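Working notes for the structure below.
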Amino acid sequence: MSDTHSETVAYVRETILPPVPPPLAETGVIKWLRENLFSGPLNIALTFVGLGIVWIVVSTVGPWLFRAVWDAGSIAECRQIIAERHGPDASGACFALIKHRWNQFVFGFYPQALYWRPVLAFGLLFLALAPVLFSESARARRIVLGLAVVLTFAVAQALGAGTGALLGMLVLMLLWSALIEMRPGWSLLASLIYPFIAVWLLWGGTLWSPAMALAGFGIGYLVWRSLARFGMFAFALAVVVTAMWWLLLAGPAASALASMAPLRLRPVSSDQFGGFVLSITIGVAGIALSLPLGVILALARRSDLPVIKMLAVMFIEFIRGVPLITLLFVASLLLNYFLPPGTNFDIILRVIIMVTLFAAAYMAEVIRGGLAALPKGQYEAGDALGLDYWKAQRLIILPQALKISIPGIVSTFIGMFKDTTLVVFVGLYDPLKAMSDAIRASFEWKGAYWEPYVFVGSIFFILCFGMSRYSMYLERRLKRDHR
Amino acid sequence: AEGDTLKEVKARDVLNCGVNTGLIGFAAPDANGNWSGFDVAFCKAMAAAVLGDATKVKYVPTTGQTRFTALSSGEVDLLARNSTWTFQRDTDLKLDFIGVNYFDGQGFMVRKDLGVSSAKELNGATICIQTGTTTELNLADFFKANGMDYQPVNIDSNAEGEQQYMAGACDAYTTDASGLAATRASFADPENHIILPEIISKEPLGPAVRHGDNNWGDIARWTLYALIAAEEYGVTSANIDELAKSSQNPEVQRLLGTTDDMGKMIGLDAEWAKRAIKAGGNYGEIFAATIGEQTPIGLARGLNAQWTQGGLMYAMPFR
Amino acid sequence: MVTYTGADNPPFRLSMLIYDRRYRSLTLQAIVFILVMLMASWLINNTLQNLSAMGKTFSFDFLFRRAGYDIPQQLIPYNSDDTHLRAAIIGVLNTLLVSITGCISATVVGVLVGVLRLSSNWLIARLMTIYVEVFRNIPLLLWILVILAVFTEVMPAPNAYRGENPAATMILFDTIAPTNRYTAVPSLGMTNPPATISLGREGISWAFIAFVVVIAAAWFGNRQLRRWAKNVQDQTGKRPTTWWISLAMFVLPVLFLIWYFGLHLIPPVLRGFNFADGTNLDNAFVVLWLALTLYTGAFIAEIVRGGVLAVSRGQTEAAFALGLRPRRTMSLVVLPQALRVIVPPLISQYLNLTKNSSLAIAVGYMDLRGTLGGTTLNQTGREMECMVLMMGIYLLLCLIISAGMNIFNSRVKLRER
Amino acid sequence: MTTKTNAIPAVSDEAAIEIVKLNKWFGTFHVLRDIDLVVSRGERIVIAGPSGSGKSTLIRCINRLEEHQAGKIIVDGTELTHDLKNIDKVRSEVGMVFQHFNLFPHLTSLENCTLAPIWVRKIPKREAEETAMHFLTKVKIPEQALKYPGQLSGGQQQRVAIARALCMRPRIMLFDEPTSALDPEMIKEVLDTMIELAEDGMTMLCVTHEMGFAQAVAHRVIFMDQGQIVEQNTPKEFFNNPRSERTKLFLSQILGH
Amino acid sequence: MTTKTNAIPAVSDEAAIEIVKLNKWFGTFHVLRDIDLVVSRGERIVIAGPSGSGKSTLIRCINRLEEHQAGKIIVDGTELTHDLKNIDKVRSEVGMVFQHFNLFPHLTSLENCTLAPIWVRKIPKREAEETAMHFLTKVKIPEQALKYPGQLSGGQQQRVAIARALCMRPRIMLFDEPTSALDPEMIKEVLDTMIELAEDGMTMLCVTHEMGFAQAVAHRVIFMDQGQIVEQNTPKEFFNNPRSERTKLFLSQILGH
């Protein structure tokens, strides 16, 4: 019975049908429009609303941008030019303001002749970060390196750096790039030294001060290594020795060495910092310092020792529970109260301390997420091989956890970088408000509201958007790696 | 801290001077970050007196919020930031005002077309005011005393106040009369704005130092008097060197340290006052150069004229 | 059953403090604790020394002194004769006001934009992407300043509404007048006002209580109604149509009360320098609220989008294959799952918004920071006390928000193996 | 694999599904080309074919998870057009089981099974729960009724998915590779459930590569390649005596692995 | 499965592991109950038993991945107490291979193998690498030394894991279901490696259900159920002549599937 039935079903196709193109209504512009803009009454309405929005934006901002004036000595002159060109009621942007004062937005009151120093510090930042951030793809890394070197050099030259400075820059950057490509392991060490170079470049003075500060770490490390068999005590001793070095010997040693070979750059004091140089300095310092602190906090928060865990939780929740602005006020109003009578240090340094604490709490949460994402087996394998807690963390857990956390770290950084504008409220010259206000206080530019916002906003957008794209790229990559 | 500020400053070789973040005429950085203004001139005079070099000043911009703390916590050695001398600040805030360098009073500025000619007519008006200043308190008291209502618009900085006022976000802008004049002067159409005749408060502005270090307070106080006295005796930055050699006026001789060494009494050398005056000129010169009638700010001397001219500027005798 | 006590308990030796796992952790904790305590006492000692050197004390007396300054926007009565404490309370209320309204509107904006970003409409999706990226990548402070500038520069002055041929006209049937200092909106008036209960200086009108009671009752009734509807559905399979009953339950009593008290809107009128009779919403508040809404809204939009995308296509397909209509699929399948992904980051956005409301400083809105941490601090010179109090209050607010949201979160959490 | 050979019951002559000259494109890519297929009531069809040949797409067109652009699909007398009512009608008569189960993770197994009956069929809750328990018992996991999908093994989840589809009392069941996401031990559980269904005479279309299953229960095996039906035959003939070259190649691959 | 029957070499009398009245609880759940077990040097033991019977827990107690609450565990003369020094000593003498390999994904195979020798044993890097290559060659994947675990197949990963454990030159090896996460083709690779190890006379404790392996290399098979040792015997006796009812039931299940 089933056999008879089967006779009726048997079927074999002799010729394979070729694919044919879809009917006309299914292709081309018409289809695209139909599907993407006019696929239903709601969608048609939305499309018109969207067009309306675009029209409003373009018709208000467009002419203003279109009538922009780039060459004028004051806002009054700008208005006059616009009135001449476009009639008395026309309004237009006066970007002449930006042309006159761009350097203040970017460099604050940093001495003009020394602009190459922040530029170089910023360029070197990419060299320092490249081995960490672009370790995955050699091509991306080389592009970043190449761009950093060329752009830094070109910008420094355009800003009028001296020949000697230019030559030094070029040699330094090329050597460093070569190091990154040839000896990736060593270049990480160079990245660790970067902060000290940056401090020297930005603030100037003798190279020996940051070098001696750095030496403290070296000495501590040596002490620890040579006494490693004593475990925790070696570490404690190393900390003590390092602290002693900084407190007692570093200063005299630096001045002694400086008197032999000065290696001095012209000092620039903190109150000359402003604009984006200030924002980036605070942002980068904050993130670099908060990273180790965040790691420690994250480990403490995951620790099974209740006291340590509780302390970490208290710290993190406290910091995350108050606005950054109040912490900045603490930096400017209270920090001096907490220190021994008579001590007094730079407001930028105090702000960096507070921003660091602030970022560290957020960083700790990001890293905690990375730690939690690691399978338990990794910890167990470490234990089974006989690695102790710190070795297991350093060799196995943290390298993986930090890598997973990079996207979170980048977005923390973006948030923090944006927040650096708040330093205006403690009297520092951030690019957004303080600088704009300072420039607007002058007679020539009184009454120019929009132009500084457009300019500063665009720069922030470019920097932050770039970083967020980078973190998305990383996220995709990590997702792929994890399969 | 009651420490020896003079010693600290000398050791540091730079004077930390707290100034406004940007009030043109009084203290403002220019495009290169060079500070200038009436308050800044006093910082320079102090630096010249104490350190012998008027450029050895680090200007610490302070906001209305942070200024007193900056002083009391030792971040600045001297606060030269148009601050009003009040009882509470002098006592409870632990500051010492060392004198008055500008006698001011709070006033109102309105648009001419508002049709108001007296502050008493401002019932129900919207008024722009900087937060955290004595003006805020004076304003509340004035309207209360006159049984009037008003709507405050709080602003954070002078620049913002100007913006709001110009845009018509407030009917009146109130601050010290000097500030009003400066602001009005900077408008494209000063003729369309009037400053109402009422001055609703006394605003003696002066530099302040920390409470407790009397010697440092003396130095600041007498540096200010030196500037004022110099004007009284006709000592200017132009003729000072000559007068130092030739003047027969004993008061001038003592001031310039050619006879008595008064500097020793305050821990300085004999020529401290001479350097202070030379740095930016005497009081009158400073006034004229920064906020006087020849500048865009265009303030008249008024109360700030020498006592001999009918004003209140009166230096205590150097003897 | 044998009970086991620690079978091997070797006698205590000093070296066990380091080498025995149990004691070692105690040792470590003790050391860290002592270090932290030393650090804390060092800081406190420094502070005390510094304070005494300056002749200052640590006390909260100043809270009870006369404040002497006025505050533009107050939710409860206040004038310059009140104490600093009351000024601080005004500040807290203002912070709460802008935070709560901000959270609500940011959520609305965020959900709307997040959903529109997923729409099949190319243009709208692109516009929303631009909105999100632009707002997320530029500091909030800039948005506050720009919106402030828009309000002060673009909106007309109250004067513009004056005269025969005014330069500006009120919108929405002459009821709302946006100006460059405030937005004048109608206020509520009653022709038959009932008595008020007075509580010190604040008075609570019986009318207000009546409305609260009626709305609460309606809400409660609505819940019962839905429970009943669900029961009917469980019994018979058909869900009775209830929306018009619930609507009536809310609307009718409210209408009655409105009629009973003679409740009506009093439109703002230009009188003297300013609009009077209506309520003037301070621009400082409007600007801050708008900036917080738009800025946080962009972040919430991303969260919502992520949440919806996190529900796999398979889920909707399965629901469709079962014959569920798109609207039901959304409410029964997608949303319950998306919420689980959305809520935790949403909490932190609410926290951020609350904390960011302290940027009120840029527009002179008198929030907690503006009163206690601003003018009061400045007039009294009590940095330490004011900062401690202010940070404590912010911390408390944040803890309350996250506790509340965590309860909600634990209710939508998924059960896994 | 269970290869309990059962007498394949007779097939009614009524058409449950009628597909005529079905064509579908994704963009410009021609996925389904001139598909003609009539499925009788009670008939059980297994669809096989290499990856990307359009099997899933065909199945999904039948309950309109995908829209077709040319040709006709008539399910139980209702033609699938843009008419929403028709779509709803068809969907409530066609049950579907997915490769990845697609259970609703926020609902218990029981709630997964009662959701659609309550909201689509408007059946009282009590009754819906009884039906659900009946089918959960049928797929042999009544004890998992109150657990959440996340707490079940893959095989159990797929069985809940089958029960969920059955609770709508569909006349036709579609299976899209129901066992390919499962571990070997669990495949058996699910196939057993499906065989039992087959014995009840349900109309079934099943995309699968489980040859044992095909031989045990299918009336017809359809072999698809490049969006077209290349060969169809009884399982026995299909496996023992494939006619087209492609079929031979394909069989040699899957039997080899 | 390879069932190369090799002459099981004689076992020394020295005890490598001595477990006395071991008891362990998870919370209130009693996982291990009065376990007594002596493993001689060179002895190879296979542990079998139903899921949840405590096999893994027993193994993990031996290198203190889990803490026991009562009883004694003496490994190579060192008793496991809370004393960290003892724990370190034991761990460096006991190698462990996990079901899911737990290789370090950010290190190459070679680095995986040299990590512990360098940082725990403080062996110079050069020397550690030589040892590592030696063991990688022994597990037959010297050519994969510079690859990352993510680039290896499951079987290769497990062999790297074995090499990693061997590089510490342990006297005792513990295996916890080393093949159960692997595809059938790869199981053989790993078992072959383990058999080779066995031939070298390594003391081994292995939780596994691979009966072929047990018969080929084990001196003893231990059967656990509900946290206790229910039966132990030579492989031959155990499989052909189980005594307890439970063992019979268990054997019928695994041999059936």
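In order of appearance the chains are A, B, C, D and E, and numbering begins at 1 in each one.
Everything below uses one rule, namely that a contact is a pair of C-beta atoms (placed from the backbone, for glycine too) under 8 Å apart; a residue touches a chain by one contact, two chains touch by 3 or more.
Owing to the predicted nature of the structure, the values given are computational and were not obtained by experimental measurement.
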item: Distance in touch steps, counted as few as possible, from chain B out to chain D; value: 2
item: Chain whose Cα centroid lies at the greatest distance from that of chain A; value: D
item: Maximum inter-chain contact count - chain pair; value: A-C
item: Chain whose average C-alpha position is farthest from chain E's own; value: B
item: Chain occupying the most central position, where position means C-alpha average; value: A
item: Rotation in the CA alignment of chain D with chain E, degrees, nearest 5; value: 155
item: Approximate Å spacing (C-alpha centroids) for the pair chain D, chain E; value: 45
item: Centre distance in Å when chain C and chain D are each reduced to the mean of their C-alpha atoms; value: 50
item: Separation of chain C from chain E, taking each centre as the mean of its C-alpha atoms, in whole Å; value: 57
item: Numbers and ranges of chain A residues touching at least 2 other chains; value: 329, 333, 336-337, 341, 425, 449
item: Residue numbers of chain E (touch at least two other chains); value: none
item: Per-residue multi-chain contacts in chain C, two or more chains; value: 50, 53, 149, 153, 361-362, 377, 383
item: Chains grouped in pairs wherever the two touch, ordered by label; value: A-B, A-C, A-D, A-E, B-C, C-D, C-E
item: Touching residues (chain side chain C, partner chain D) in the complex; value: 233-239, 312, 314-315, 317-325, 328, 332-333, 336-337, 340, 414-417
item: Chain A contact footprint on chain E (complex, rising order); value: 63-65, 88, 91-92, 94-96, 98, 100-106, 115-116, 119-120, 150, 164-165, 168
item: Chain E-touching residues of chain C, taken from the complex the two chains share; value: 4, 6-8, 10, 16, 19-24
item: Residue numbers on chain C that touch chain A, as the complex places them; value: 18, 25, 28-29, 32-33, 36, 43, 46-47, 49-51, 53, 116, 119-124, 127, 133-134, 136-142, 145-146, 149, 153, 351, 355-356, 358-359, 361-362, 369, 373, 377, 383-384, 387, 390-391, 394-395, 398-399
item: Residues on chain B engaged by chain A in the complex (per definition of touch); value: 1, 3, 21-24, 28-33, 58-63, 65-66, 69-70, 73-75, 157-160, 162-163, 166, 186, 188, 296
